[in-house]
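Paired with chain B in one complex and with chain C in the other, chain A is shared by the two complexes that follow.
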Partner chain A sequence: MNDTIIDDKIKIYQDVLDEGHYKLLTNNIDTIHSEDIIFFSDGIPGFEDLTDFIVCPIIDYKPFQVFQSLQSPEIGMIILPIINKFLSPANMTTDLLISIYQKEISPDNDIYFICRFSDKHITINTKAPLVINLNTKSGFQPIIDHDDLNTNDNAQLINKESDGK
Partner chain B sequence: MLVLSRKKGEKIIIGKDIEICVLDVDKNLLKIGINAPKSTKIYRSELYDAVQKSNASSIFTNKPDLPSLLK
Partner chain C sequence: MRITQAMISKNLIEGLRNNRDRLNETQRKISTGKKHAKLSDDPESFSKAKRLSKQINQNNQYLKNVTKANAWVMTTRNAVENLSSNISQLREISLQGASDDLTPTGRQALSDQIQYIIDDTVDILNQSYLGKKLFAGTKTKVESPFSVGNDGSITYNGNSANINNKISDNLSISINISGQEVLDTNIFTIASNLKTAMVAGSSDVKADLSDVESLKDKINQISTSLGHRENQIYLSQNRLDTANMNLSSLLSDTEDVDLAEAITAYNSQEIAYRAAMQTAADVLKLNIMDYLR
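Showing the complex of A and B:
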């Protein structure tokens, strides 16, 4: 892709981000750089047409990030690396989960839970994690067909003493 | 929708590199085998539907109360 096309795309994306829901949780992104864009060639299930995303750390809760579409300002999800000090699946150890994922996901990738928040608890999608390769700036959302994984698993707090910083 | 009748052991070819073979037929259960490039994602539709719904409901519209939820 030539530089002019990339520049034009970034101008459009900057306008989209001005309306982006990520701002509810993170600092405003003043300038997008082409290397910030993570490309999902097949989109993600339910949003197959959205291919370009950005991730932004959440203020004061840095392992949590917003996965924000650059094509649709209202499409943003909260993600968390599967290895973190906050949450783990309630029904299995993180080690077991990693061993399940390792059969289908290359270790070159970073793997994230997509988190869902209600007023009282947090659930995580262990069946379809978000996979991002920061070297190639690409990602995908595989569906792991395993009976112990769910799209809406309960999450348990790892360290209740954590101050979240 | 294209409708084809196939017997056990017969195949269907889709494009140049996807092959579907009827392995077994038993009352209401049809067992099929699929040969496709590794890059072709193949899912049971109910699984894909569940992930679509989960993704749609994971979009946040309000600021979650992280300090309380992570206490």
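Showing the complex of A and C:
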């Protein structure tokens, strides 16, 4: 892809970002650069045609981040790195979850939960995490075949005295 | 002033209640609270949210199709495994019948066993699932896909059409094995020939042995094909579940929430509530026995 096409693409993406949820949740509306774009070659389930995304921290509310489509402003989700000191799945330890993921996901990748906020609690998707390789700027959303993983798992606060050390 | 256990308990419970109320308020905001920059202020976003909601409903319909398809395919596969078991028995009987040492009475007994296998095979192929015949093609309401005439001849009353279930926007899956596919393996011809050969003598049975082997392979191929479909259905189910989770995790689904504020408040209040709960648990567990020790 030549520079002109990339520049045109980024211009469109900047417009999308200005319309999207990114604007509502982050304080630093900044200029998008080509190296910010993470390419999902197969899209993600439900949005197979969307390939270009950006991940940006929610300023002051770490470790939560926004996973925002650059092609469609309404497609944005709150994500959370699986290794964090805030939330873990209610039904297993983060260490156990990582050991399950390690069978299918290379350790070169960063792994994130997609979070969902309901009226009673925060749930996380452990069955289909977001996998992002920041070196290659690529990602995918695998579906992990394991009985203890679900698309809508309850999350619990990590006990900072023990797990969160 | 004397601080009694009852006063400590009362204060703790009140504190707990206050914490709980603050947590409830935050959770209420997560679901219904108003925010200075609401996404719903934008009519375009609202219509997009509607569109996404429609997509979730569509996926739910596909999930229902997937569940039905899975049940049909699994029931069919069980039936085909029973067919395979019958073919194995047929093979065992053939091997016994290929021996030159059998008496005519022994041969007749083996021939009778083959007839029993033929009858059982007809029963298997006439099985229903939720009132619909599994092996009738699309003629699922036919009384018996396979009927047996007075002379023992077997007639197929179904058709060779596929029953297709749509399991995503672009994917339909054939869930059935038609009776015609089973007939094309020559299952009844081979069994019937073997039955006749069994009475005639060992050399005739030996000639039919290779047909039985090849029949077993063909039935196994049908079973394998059903296994592939089960896998495909399972993958589709996982994909639809994940797609729905993605759709319902979209920020536009929580359009009236100040998520950033809610996250922080949830964090601090949940910790405070839990700490208070723990303190309460430690203090309130004191009872008269603790003072008598």
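Everything below uses one rule, namely that the second predicted complex is superposed on the first by the 157 of 165 C-alpha atoms of A that agree within 3 Å, B and C clash if a C-alpha of one lies under 4 Å from a C-alpha of the other, contacts with A are read in each partner's own complex, and residues count from 1 in each chain.
The criterion applied here is as follows: a contact is a pair of C-beta atoms (placed from the backbone, for glycine too) under 8 Å apart; a residue touches a chain by one contact, two chains touch by 3 or more.
Note that the coordinates shown come from a computational prediction; the quantities given were computed from them, not determined experimentally.
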| item | value |
| --- | --- |
| Joint occupancy of chain A by chain B and chain C, clash or fit | clash |
| Chain B versus chain C as contact partner of A:42, first or second or both or neither | first |
| Contacts of A:114 with chain B and chain C, given as first, second, both or neither | both |
| First (chain B), second (chain C), both or neither touched by A:93 | neither |
| 3-11, 75-83 or 183-191: stretch of chain C that collides with chain B | 75-83 |
| Common interface positions of chain A, toward chain B and toward chain C | 21, 24-25, 44-47, 58, 60-61, 64, 74-78, 86, 114-117, 119-122, 125, 127-128, 141, 143, 145, 151-152, 157 |
| Sites on chain A touched by chain B in the complex | 21, 24-25, 42, 44-47, 58, 60-61, 64, 74-78, 86, 114-117, 119-122, 125, 127-128, 141-143, 145, 151-152, 157, 160, 162, 164 |
| Chain C to chain A touching residues, read off their complex | 27-28, 30-32, 37, 39, 45, 48-49, 52, 55, 59, 235, 238-252, 254, 257, 259-260, 262-264, 266-267, 270-271, 274 |
| Partner chain C, residues of chain A touching it in the complex | 21, 24-25, 44-47, 58, 60-61, 64, 66, 74-78, 86, 114-122, 125, 127-128, 141, 143, 145, 151-152, 157 |
| In the complex with chain A, residue positions of chain B that touch it | 41, 43-44, 47-48, 50-67, 69-71 |
